[in-house]
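First chain written, first letter: the chains are A, B, C, D and E, and each begins at residue 1.
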Amino acid sequence: MTVPIEYYVLLSMALFCIGLFGILTRRNALMFLMSVELMLNAANINLIAFAFYHGNLTGQVFALFTMALAAAEVAVGLGIILVLYRNFRDVDVTVPTTMRW
Amino acid sequence: MMIETLIAVALIGALVTFVAPNRIAGKLAFLISLVPAGLSLWMFATFDGRGNALLEGDLAFESRLEWIQLGAYDISWFVGLDGISMPLVVLTTILVTLAIVSSWTPIDDRESQFYGLVLFIEANLIGVFAALDFFVWFIFWEAVLIPMYLLIGIWGGPRRKYAAIKFFVYTNVASLVMFGAVIALVFGLGDAVTSFALPEITAAMLDGGPDGFFGVAGPTLASAVFVATFVGFAVKVPVVPFHTWLPDAHVEAPTPASVLLAGVLLKMGTYALLRFNFTMFPTEIVEPFVVPIAVVAVISVIYGAMLALAQTDLKRIVAYSSVSSMGYVILGLIAYTHFGVGGATFQMVSHGLISGLMFMAVGVIYNATHTRMVTDMSGMADRMPIAVGIFVAGSFGYMGLPLMSGFAAEYFIFFGSFGADFPYAPVFTALAMFGIVVVAGYLLYAMQRAIFGPYSLETDYEVSRAPLHDVAPMFVLLGLIIVLGVAPELIFEMIHDAVDPIVDGGEL
Amino acid sequence: MTTGPKLRLDSSLAPGVLAVALFVIMATIVLNTGFSPEMEGFEGVDSITAEIGYAMFDLEALQSTEGSIPDTEAFLAAFLLIAVALDAALDASLVLAKREEEGEPVAALASRGTGSDGAGSAASGVAGSDRSAATDGGHEGSTVDADRADDPGGESR
Amino acid sequence: MEGLFDYAPAIALFPLVAFVVALAFGNSLPKKGAIPGILATGGSLLLSIAMLAAVASGEVYHETLYEWAIGDAVSDTGVDGVEFTFGILIDPLSALMLVIVSLIAFLVHVFSLGYMNAEGETGLPRYYAGLGLFTFSMLAFVYADNLLMAFMFFELVGLCSFLLIGFWFRTRSAPSAAKKAFLVTRFGDYFFLIGVVAIAATFGTLQFAGDDSFVAAAETAIADGTTLFGFAPETWVTITGLLVLGGVVGKSAQFPLHTWLPDAMEGPTTVSALIHAATMVAAGVYLVARMFGYYALSPTALAIIAFVGGFTALFAATMGVVKDDIKQVLAYSTISQYGYMMLGLGVGGYVAGVFHLMNHAFFKALLFLGAGSVIVLMHHEQDMWKMGGLKEKAPVTYWTFLAGALALAGIIPFSGFWSKDEILYDALIVGLEEPIILAAYAMGLVAVFFTGFYTFRMVFLTFHGEPRSEAAEDPHPVGWSIKAPLIVLGVLALVAGVANLAPVAKLAQLDITFLESWLDGEFGAIEGLTYGAYGELLAYETSYIGTESTTVLIAAGVSLLLAFSGAGVAWTLYNVPEPVEHKERLGSIGKTVEDNYYQDEYQVWLAEGLTLPLSRAADRFDQTVVDGVVNGVSTASLFGSDRMKRLQTGIVTNYAALLVTGFIALLLVLGILGGWF
Amino acid sequence: MAFVELPEWAALAPVLILAGTALALFVFDSVNPHSTNRAVLAGTSAVGSLAALGVAVWFTAAGVGAPGMDGFGVIELFDGQIVVDQMALFFIIVVTVVTALVVVASYDYMEGHAYQAEYYSLVMLAATGMATMATANSLVTIFIALELASLPSYALVAILKDNRGSVEAGLKYFLLGALSSAIFVYGISLVYGATGFLQLDAIAAELEALAAGDGGDFGGLLGLGILMLIGGFAFKTASVPFHFWAPEAYEGAPAPISAFLSSASKAAGFVIAFRVFTTAFPVDVTGQLIGVDWTLAFVILAVVTMTVGNFAAATQENVKRMLAYSSIGHAGYVLIGLAGLGAGSELVMGAAMMHLLVYGFMNTGAFLFVGLAEHWGVGRTFEDYNGLSRQAPIACAALAVFMFSLAGVPPFGGFWSKYFLFTGALEAGLLVVAVALVVNSALSLYYYARLVKAVWIEDPIVERDGLTQPTGLYAAIVVAAVMTVVLLPGFGPIADAALEAAAVVIA
């Protein structure tokens, strides 16, 4: 007895939207990063669930790559947050607004 | 390859002049411009074209090269001259040469760039009149705007920035409308055309017209395109109510740019109207629009002249009078008679010479007085008899004094449109002719105030006579005006020959 | 500076409505999707991990044996590519994380006093000895002194 | 004589050469260009006389010399193709006119030596160039063989008139007058040009003479009843004829376009004599005579011509009565006299009109030159109230002037009497049948009285009585170059009437109406362009009071009586040692007359009170509405742009929110269309 | 041709050259981390990118990836994960051209910067990523290549670490980039869910099967997935509503990087979009499944994007920001290529490709001019640019060329590509889009002309001494300008190449 695929997908979507919620409401850059990670992992859930659903491994392997790329993204992201902090003494993403309009 | 040579000489000359030292740029540009002028005169003398370029006429100096294949359509480098374009090419080369000479005095900053741009304009203008492929034509057509934009913008008067950008954007928008319309038309023609060569499009138009496009029926499409292209060209001409860029551009432009603007650039509009709207489209498409266009033409003539009457800036006066004169051209074009269409073409050349002369004369007066305000000066004839004399002569040319080209042109147009077949043609003609009274009114009024009467002008220096190189170009122009006025057949013969198929094909 | 997580409920949460709305829409779509109730699953597969390895390196010979999973795609290209991508990430994060002292790049996370010359200050001393190497290619004045960034973690509030 | 006509173009070209020479080299020539002018006009005069002689010997010349423009055009009468050409038509009428024009031009050139050169004017090359160009244009106009060529030179003489009126451009008044002259005549020419275009478009030809002339074509059309431009042929001929008449009214200063002529007196007096009295102003009348065949087809047009002429004759004469400036008096008298000519032509008195044209050219040129002489004598004083007593001091001027005045007033036996009497006689006999012509006749008759009055008022004030200023007491001497032309013209004014002593001929049954025979082609003429031919076309009926003789006597007697009574009144009022003004006696009428019946006022109002404000309003409209729309589009776009860029708040969370919003919107659109929900 | 003797993988040569150069620079940096030998670094990069360009041009001319008699067929590598066809080569050309221009210009622009080697290696890595994007044929490789292009880009934007603008730009770019890639991956997962495949051909085949009726009803899910993929492309191409990063990133980044991102990165974004939507989601089959033509999404995006970009650009005061918005506007124009996709629609897609190539010259040139101005230190706003032509007429002439070409005014290359887009839109029946294109072109004239006005017409506000003529920047700008002009008469080959490439992909 397996759990129907819909539940996985709903779960992943919930996770996705939670991540999105974080992005939309949080001002801390690190929180922002974490939220993005949530969203990426939501995709991973999907991939793995669908891999099982379709009975091929493509999704699973791809999920591995996604994780690697997520890590790479975080690495660069942290670097940027670092220089952000050096320049603005803050990691609030809403602070840098020197350029607008 | 003659046309290519003309264009290439001007283009290379433009580049050379652009990088030449400012000191010699003026003389250099003059020498370079003599080449196209001389060549085009030689071409004029050996011209052997017959018939209309768009209506299977024999072209002179034709050349055609494949360029780009776009889907079902060929785009080719296709140039050639017929009796309509030949005089305009000569007009262009001569006016450019004279404009260069007339710039020696007023242009004292960034000369090499100035003359480079003037030569660049020349190349494009020749291209506009010689091109027979829609794309070649359109590229030159648009390319003219850029140097003119810069000429007005850099060397213009106090409000030059506004004027330049208005000119540029306004006319460009109009071009876009026209461009879109023509493309839609070509698409609507479907398999009937395989290239953008104007003769081919014309043949397809006259032979059945478009099948329709986007669910629009063929005739409706053709009518819509007619209106769109007319509006597009009307801005360039300009026809009331699309004229407001013109006075601004003219007033702010430096004299040589005004000369070219009025002398040749406006002719692009009427030339295109003739080529596109009144050659390409079959009679049944044009017919419903003839009376509205006649109304617009008459309004242009009278309203333009009225506006000129209200001005106190000499350049503005001449600028508005151009609006008025171009109204005659439109009137001639819609007449669909030999004399109407031929006269309109003749008027293009004639007005090019006369308005060029007028702007030069105003420019020479301005060089000396640093004002163009009629109200600021009085009795200029006292100090600058020759320049003023030429101004007076030019003014009378503008008024259509017989034995000057303006009269010939206007007479042809009036005669052609009076006998035209559209409803109330005589009435429209008579109304438009009232322009000759108003034009006399505002020019004489301006003359009376500015150049006659006791001398008075507040300057802290002595106003002296203009140097020879300021006056010489005006004499050349005056000479040409009189020659054409006495012997219009010099060019009217070839114009007539080229106009013939249009009128036969389009008998209303 | 350390504070525990706090639930903030203010107007800054308003955009969160969008996330909720998106969830509603997506959920509706999912519920309208006619998934087949049966999952294919990996019945009779010897080793999923091994299969993943085969797929990752395009070991087609091994993939096509009995008991393997059909239809799995090849990932060698992706694997090679991600190697480069990770290089790029490394490069990028290093550039960003490094600090500069008096215009000289120093190790990103060196402790004060010791790490400043860890990353080969000799070489940099040769190349950029007498010139202050601005990191700003444009000539906009820099606003913050780089060497003040001694707290690389960046504290949240 | 056959080859002589080959030199016909030279008649006009001589002065053209003089124009070029004077313009280009005038400043370095002795007499500043006068010599070439005199030589050229002299040459023209000789050639013209030769032409006259040739015509007298029975030859005529009608040749197209130059094709100006050729084209295909289907005229309304179905003629295919049209040629606009320059050609020369020398027939009795034009030969006569050539002589008149070149003679007066020659005399004026000579006179100018004394009037302009001797007075040390500056800008003389310009003056002589203008005269040369004028003479060229006028002569070319005269022998033009088609309407377009006529129109072209008709316009050119207008230009010369402008240039010469504005000769003293450093004053305020001269340029203004020049402008007015050109504008007003241009207004007339506007109609003329429509007429030319209409005739060309209707008949496909503009030839005056020959089988392919528009006159002949019009005859055919009327005979065939062809509909022309939607009108009956007669109506259309009337319309086009009247359109052409617009130019005539303008150029010949007929009511209501007469206002420019008095102002034109701002020019040098020589110019007034040549252009604004003897020749250019005559161009209008000459044109009517030239295409008389066409007008003859339209009784309506003729009646209008006659009525306008009669009215103008009276109207202008009354204004002449109250003028104080000697040239102004002459100017109004000119207008009035051309009114007579129009009246004469309008009633079908072709010979009478041309006769008066000729006589008037002589005596009015004489009077103007005399006035010029007076002005020189008076040190450039033109107010007659400052003159007086010049009779003794300048006898040549006085006697010649008197001859001109007598001719003008129509006193027997001076030339003016004969021609004016003939006009009035012709008007009377037609008027007895046509009431409107009778009215015109009546006005012409009344004008005779005023003519006599103002003429002699002028003579008495100028020459009689006591000198009323220092200048008058000590006049500036005048040289031979002034006196000689006066004498020549004085003699002509006296004797020119001999050319057509119609009353005598009718009463004495003598064949001495030489001019009539001349114009009737008894010596030689082109077919269709004769008095006789015109007579056949004319639809007028005539009748007499009693017999022809009694009518002749009555007409002559009445006009003579009126002329004498006018002169007599002037005698009583002004031939006194110390004449005084009598204007106040006229009361408000006098004021009205002195203000020229407010003709100038309303025309100036039309120009400055109506057109100018209208144009300013148009300008404002253009600046605000038409250009406002253009600028409005741009402003609206830029405003939209400003709003649009405000989306970019700079806060990255907002971007995320907007991004998601956009995504959701897109999702909703596609989802709803695709039925995903 | 001798080429036949080369192994199949050699078709990837341009990409490999780029990757090799990047790694060489990376190694160089590791060995000699503080080298500021700009000549060597920039030279290596330039040589590498030019070599890649040369090979790509050679391959194109030789017919690699072209089907038919004289071609070598579409070359598939790595089980179809990677494909080399004409479209791939075309975009590799675009990317390498821009890269070459950018690195040459960077020689002067980055003078005095601390991280020379890293800079160039990052640029080359990003270029590698973009070139790979052109060849990627599976959602996996596409995603990884996309990240490969993105990650260095984030760092490059923020590389002026002491410059608040640069850092802010990097942050915004990164944050929105991360969000977009999350959405993109999620989209991939959904597409995978709907089809079970990630390789594009396989997806298409599966869709055929699904449309034929065997399989579940995945319409909504597939649609959502496709839409999320579109989101990923939209981010990369700076299209509405994923464009918000662009104005700031382009404004804050070093000018050559702005040029790089707005030209090459955009082109790369489009190539994956073209590849995915032509290969994986044929319009008719997909439309049958999801109930709506996905081209509709692109129609909306195209119109909105060009309008937003052009309107927002019209009143900018900052030149770079104006160019950034103009870049968004151009993304909208190119989107027409996707909006008009369908059977036999190679014209419209080919037009989009041509536009990207021309855009690679003119837009890069324009941004490099801004770089030149920053190098001179004249300031950033239009007013600061006033009267530059007095000191630097050649560069300003080049700028005028770029501006008019961007506006689509003849006689420059931009005219052709814009015209072809217009024609394509008409042929595809997208009257609304065509009209929007015309209206936006009209508006764009205003602000492009405004920049020309500033440098040529306005008088300088402050007195300036003579300006230097940095060789690299000048060379890059002049080359770009000359190419922009030459592309007008020489447009034939490009049009042919683009149309053929498009035809192969669409067929």
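Just so it is clear, contacts are C-beta pairs under 8 Å (C-beta built on N, C-alpha and C of every residue); 3 or more make two chains touch, one makes a residue touch a chain.
Here is each chain with its UniProt name: A = NADH-quinone oxidoreductase subunit NuoK; B = NuoM family protein; C = Proton-conducting membrane transporter; D = NADH-quinone oxidoreductase subunit L; E = NADH-quinone oxidoreductase subunit N.
Quantities reported herein were computed from a predicted structural model and do not represent experimental measurements.
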Where chain C and chain E overlap in contact partners, by chain label | A, D
Kindly work out which chain lies most centrally, taking the average of its C-alpha atoms as its position.
-> B
Compute the distance, rounded to whole Å, between the mean C-alpha positions of chain A and chain B (NuoM family protein).
-> 64
Averaged-CA centre spacing for the pair chain D and chain A, given as whole angstrom | 97
So, what's the distance in Å between the C-alpha centres of chain C and chain A?
-> 10
Expected list for chain D, residues touching two or more other chains, is 634, 645, 648, 650, 652-653, 656-657, 660-661, 663, 667, 671, 676-677
Chain E touches at least 2 other chains through residues 140, 144, 147, 151, 154-155, 158, 161-162, 164-165, 170-172, 175, 179, 183, 196-198, 219-221, 223-224, 247-248, 446
Among chain A residues, those touching two or more other chains are 5, 9, 16, 20, 23-25, 27, 29, 53-56, 58, 62, 65, 69, 72-73, 76, 79-81, 83-84, 86-88, 93, 96-100
In contact (per the touch rule at the top): chain pairs | A-C, A-D, A-E, B-D, B-E, C-D, C-E, D-E
Footprint of chain D on chain B (NuoM family protein) - complex, ascending | 166, 169-170, 240-241, 243-245, 303, 306-311, 337-339, 342, 379, 381-382, 396, 399, 401-403, 407-408, 411-412, 414-416, 418-419, 426, 429-430, 433-434, 436-438, 440-441, 444-445, 447-448, 451-455, 486-489, 492-493, 496, 500, 503
In their complex, what parts of chain E are in touch with chain A?
-> 140, 143-144, 147, 151, 154-155, 158, 161-162, 164-165, 167-172, 174-175, 178-179, 181-183, 185-186, 188-190, 192-193, 196-198, 221, 247-248, 251-252, 321
Chain C residues within the chain E interface of the complex = 26, 29-30, 32-36, 58, 60, 71, 73-78, 81-82, 84-85, 87-89, 91-96, 98, 100, 103-105, 119-121, 123-128, 131-140, 142-144, 146
For the chain E and chain B (NuoM family protein) complex, residues of the former touching the latter | 347, 389-390, 393, 397, 400, 404, 409-411, 415-416, 419-420, 422-423, 426-427, 429, 431, 434-435, 438, 441-442, 445-446, 449-450, 452-453, 456-458, 488-489, 491-492, 495-496, 499
In their shared complex, chain A is touched by residues of chain D numbered 645-646, 648-653, 656-657, 660
